[in-house]
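In the two assemblies presented below, chain A is common to both, partnered first by chain B and then by chain C.
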Partner chain A sequence: MAVSPLVDGLPNPAAKAVSSPLKNAASAQASSNGTPVPAVAPNATAAVQSAALDLSEQMNEDEKRKYIKGKKLGEGTYANVYLGQVRNDPSQLVAIKKIKINKEYTEGMSPDAVREIKHLQELDHPNIIKLHTVFSSKDQNLNLVLEFLPLGDLEILIKDTANVHYGVADTKAWMGMLTRAVWFCHENFVLHRDIKPNNLLIAADGEVKLADFGLARSFSDPYRPMTSNVITRWYRPPELLFGARHYSAAVDVWSVGLVFAELVMRAPYLAGNTELEQIELICKGVGTPTEENWPGVTKLPEYTIGNQITPVLGKDHYNALFGTVGNEGVDLLMKTLILDPRKRITARDMLKHPWWHKDPKPTRKKELPRKSGGEGGRK
Partner chain B sequence: MHDTDSPPSSDCGPSLLPISPHYAMKCNSLAQKAISARLQSASPTTLCPSSSPGEELSLVTHYTVELLRAAAFIELPTEIRATAAIFLRRFYVTNSIMTYPPTELLKTCLFFGCKAEGHYMRLAKFADKFPNTTGEEVLAAEYILSQGIRFAFDVRHPFRALEGAIMELRRLGDFENKRIDRAHGKAREILKFSPLVTDAYFHYTPSQIMLAALAMADEGLVERMLGEAFAAQGDAAKDKCRDLIQACRAMLEKEPPEKMNDNEERKAIIKPLNRKLRKCRDPDRVDLVALQKARREQAMIKKPKLPVKEDGAVFGGSIADGRESKRRKTETEE
Partner chain C sequence: MSRKAVTSTVTQPSNATLPSDICPVCKRVRYLNTDMRFLINPECYHAMCSQCVDNIFKSGPAQCPYASCSKTLRLRGFREAWFGDLSVEREVDIRKRVAAVFNNTQDDFETLRDYNNYLQDVEDLTFALVSGTDDERRKAEARLVAYEEKNKADIDRNRKRGREVEAARKKREAEAEAASKARRLEEQREEEEARKEEAMLNREVMEALARGEAGEAAQIQQRIMAQKKKTIARLNGELFPRPWTAAPKRTGPTEDEEDRNKPYDPFGATDLDPTRYEIHETYENSWLDPARTRDDHRVPGYSVQEYVTRAMFEAFAGLGVAIDEEKAGAQRAVGIAGAKHAAQANKTTGIISKTGGDVFG
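For the complex of A and B:
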């Protein structure tokens, strides 16, 4: 639970900042009892320029003053990210994500920011990016102080086939960290809804951290619809492609399965250019969703399949493509890619899967391969 | 906000905000000092009557009821009403009602409550539902509000817990359905009001609040549930839990749901307080739209514009252009 910081003392007593007019206070109070109050001209600028801070402004200032903002690390459409230092301990680095004011969005604080703050405030887990604090700066921009994760993301590692080499033990370590992160979200009734390799960031010690909660939401109540337009296409499960408005944590598990496949293949397993093509690729690469393998699927609003029906692919197919992770590894992968979300494995059951205990053991995080250009670690 | 005569500070649930009478007093006195100084400077002969912490609490409670009535009027879902009410009360833990006008804040709480619960309503459509209200006015306090609640946007409610308890009672099969249904309806009515206009959310967990409301509706049902839950443990644990529920219940009983529409009594108490409030509120923070503008202008003066650089590698994942449009869509659909 998010706990707000206590304000211990009043560093700058309000009255002092505007003390001179108070000289008259004593006589005024004695004489003007009961007289009607003359209107005081409102002056918003006076409020802004006044050195007096109210309690929540003080708390905000205290949070802001804990950090020193440094150079810009990157820029996106939704936010800029700066390197930051803890003022009392400059060796401690943080990332400060400053949410941009979106000129097109005239409805106040961006829903992405609201979602990200809402959920990250409440989630504290070694495999989920830590939100240290939030403060607003003078121009009313939101600043999220996040854990600094300098070693890139899983996508960089997967793509750099020339410089980065890794094996099953490494894949198992990364998958373990990802699965624990997703399990923790689900255990706390949060759907991430955007799991993909470039949202899996890597800390200085090699720990993988799930980031970007801009699309996250809490589990819906029964009967309350959700949008199906979430999760980056290549990682989007069939129920969302078919327009389901009621869905479960199984949507994230499908994405986890495709990250697993991509780690092994070093290329996205199902990379459709359109939603229709994505459905086609699922039919070919996993199997065609039908009433037989998924009761009720034909009633989903946007259910469409091609003319050809591919039966659900068996173990041979997966062994040929993903055999390097071993028999149990293939079994786990297949369970994450079960078409019917009700039969798909849960994150909790993934953690109980025998694959984790089979050889090879997962690589220790400090020994995991790192992106090229950085020092230390294996290449 | 903390009522000095409210009993519990036991080892009950974690409270989200560090509240104490000391804290509310500090907030109250801070506002008093600043505002009286400002009023004096404008007009040295003015007497500044200020609201006491107790009076402020009465006013906050009154405006929380007003918020709930407005939410009912525009037919918002239960969770959003509750979230908005808690936002308002949390806000006035660290802000004085003399500083920021509650009539404006309650609209902002409702609008932002919708956002926080993922229920995106168009600003213009929202503002239209209130007399003499523009979207600009609703938004003016959004930052003030989110800063005032320390960006804690997740509020856990007791409503789901109640559904669970009712299912559990049906499963036990010891009671007639009619009795369970009646208690279910009554407890739900209590939960939609009493915990939101008292400090219950600051002191108790959602399940404790739910059991207190259920006990108000039908004590026997709660006894049965406690018997079931503590069957394997000693009576000491059960008694401790029951004491907690009773303490919470005492708090809820101060504001029974019938009070929601009992305007006469409330108005009689509130009228003089409101009159006083009008005299002692911060003159510079009455117009929040102007305040917002002044803040923006101030920021513009200080900061030179930074050159825009193209850089795809952004911490937190690269944000492709296509994604922005996708998200826009998400917002309207949900």
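For the complex of A and C:
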């Protein structure tokens, strides 16, 4: 015990007795996320096992004490979100996401939390929610300290047709931020796999940030199957609906296209109640996937289409529905909604599309419409 | 301008000005025909009243009624003259026509000298057409037609381009006009508001005075004014900034305007292209071949290129990371931020550290 001087003055000596692998894991996450480690490392390897655990707890405690937990902001399926303050600078607000203990994963952490931490701690971009740190609180609960984004999400803005009015320039600004976020994920080999308007949160300054990396994973190696049961149904691309196990970043692009369509229509473009209905809606609203427009599609494991075949819809169809975004905008939308994922545009090529430079220029973020009647922002 | 009108410019008009009261053909006077209009035909620029034109040419082409003129005119060619001086009218017509044919712009020439020579040529030709002798005019006319014949394609192209430029200019002007109109309205509204506010203050003072006792008039006024002074000062400052009260004026556009005028960068000023290695189109690797050809990979869009890009990235991710520098940087910014900082400083991009393999399938 006396080997490491750091052990002295531990606030909660009793905790030593209940140290568990979970604690170990959580604090290991925290350390890779910026807790000062260096001076300790050689010491820890030399020390006996129990001393190392105490050290990790000490570090966890330090991290935890940096924040004050405030009122509850919301409750999700696998986590509660609280408002938090930085102890040294109470004007700085954060969101603390406390992962609920999941009955399915009693002896470890829920995969959603792991995915979220694993990828968020690696991604640093203005359009992706920032993960400040991670700590575990009593009851071995995992807490994620995230950037506080007070202005709701894009879904709120899209749905509030009575109070929120926006135009092409605003849509373009939001799409720009979304596309940049997705591009950055893909450049760093991360598939988000759950892009939808209510995962696009809005910061106090109007910046849209991609959040909820609970389904994210890095690009798979060849011959290593992935699950096809990802992405909220309305935004799920045909290859996933057909049960593909080896797919690419194109799945996220399809979702981006549907968010684009939804921003323009102010209603989900393809809102199926079941997977079968979703496929049907894609056939009607985009075109029926056939061997002609998507060679090999009939060989996909769950390939099913209705008996009616709609040819891939042309520009006229999209012009009628989305003409407000202009010729180039419709072109971009159509390229994101190409059935064959190999022909679908990539996030990088989306950013190279001429639409961004056409009139009107995207609105500046501070001038973007905001949700009505919301509580005040950070400043 | 139609081909018909072309041949006409060769003739010189005999009478220089448009008649104002008496039609030179039928001698009707404006006194009795108040709605008299004089028309000309660019064949010969001989003016006559609209009734003469109707009478003479309604039933088909006929000779110009002027005794000295032998041109055959058609009803379709007649129009009102824009200029009172018909020689000016004619010159403008000629210039329009020449400009439509010789429609090159400076961009079409390599040097300014070439362009100037070209302009000189065109002007010489125009001058010959406008005020040359018969012989000169005929020659110039022949040159014009020959040039038009020879450079038909170029002329059409330039004309199209000219139309586009013109459309763009019109749009720009309309936008500027709309903006300035909006600004004017806004200013007007603000001024109105300020005036209202001041009037309200005055009225309040008067009412207070009327209510108050006579002896305390000055006091009341002082109190109310002091109370309202701030409001007035604010309004004045906001709505009528005066050079002697306002903050020192900025020169040039404000930061805000600069921000607004900046061109939009879809990539948000981030460049993630690898700087220390190149990604090739294909990599020969027998292990990867099935992933390229097998239906379960190929059809749903699995991208071997994405895999290869990642493999390359991971192979070279450590390049350009200097641990010492990073340690020094860690004092200022820890964790991801620090890593990113180091990454940028060393021109490596994206993720620096990759922790472990994939845990979940």
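By our rule, the second predicted complex is superposed on the first by the 316 of 379 C-alpha atoms of A that agree within 3 Å, B and C clash if a C-alpha of one lies under 4 Å from a C-alpha of the other, contacts with A are read in each partner's own complex, and residues count from 1 in each chain.
In this text, a contact is a pair of C-beta atoms (placed from the backbone, for glycine too) under 8 Å apart; a residue touches a chain by one contact, two chains touch by 3 or more.
What you see is a predicted model; the values in this text were computed from it and never measured.
Of the two partner chains placed by the overlay, only chain B lies in contact with A:M109; chain C stays clear of it. In the superposed model, A:M59 makes contact with chain B only, not with chain C. By the touch criterion defined above, A:K299 lies against chain C but remains apart from chain B after alignment on the C-alpha atoms of chain A. Of the two partner chains, chain C is the only one touched by A:R364; chain B is not. Contacts of A:R217 after superposition: both chain B and chain C are touched.
Of the two partner chains placed by superposition, A:E277 touches none, neither chain B nor chain C.
When both complexes are overlaid on chain A, the residue A:A79 reaches chain B alone and has no touch with chain C.
Of the two partner chains, chain C is the only one touched by A:G176; chain B is not. In the superposed model, A:D349 makes contact with neither chain B nor chain C.
Common to the chain B and chain C contact sets on chain A are residues 32-35, 38, 111, 114-115, 118, 121-122, 217-218, 221, 226-227. Contact residues of chain B toward chain A in the complex are 14, 16-18, 26-27, 30-31, 33-34, 36-47, 79, 94-96, 99, 111-112, 115-116, 118, 120, 122-123, 139, 142-144, 146-148, 150-154, 160, 279, 282-287, 290-300, 302-303, 308-319, 321, 323-324, 326-331, 333-334. Within the complex formed with chain B, the residues of chain A that make contact are 1-7, 10, 13-15, 18-22, 24-25, 28-29, 31-35, 37-38, 40-50, 52, 54-57, 59-60, 72-79, 81, 95, 97, 105-109, 111-112, 114-115, 117-119, 121-122, 129, 134, 136-140, 146, 149, 153, 198-199, 201, 211-212, 214-215, 217-218, 221, 226-227, 229-230, 232. Within the complex, the chain C residues that touch chain A are 259-260, 263-264, 266-268, 270, 272, 287-288, 290-291, 295-304, 306-307, 309-310, 313, 327, 334-338, 340, 349-351, 353-355, 358-361. Taken in their complex, chain A has these residues touching chain C: 32-36, 38, 111, 114-115, 118, 121-127, 131, 133, 176, 179-180, 183-184, 186-189, 217-227, 239, 242, 244-251, 294-297, 299-300, 340-342, 344, 351-353, 356-357, 361-362, 364.
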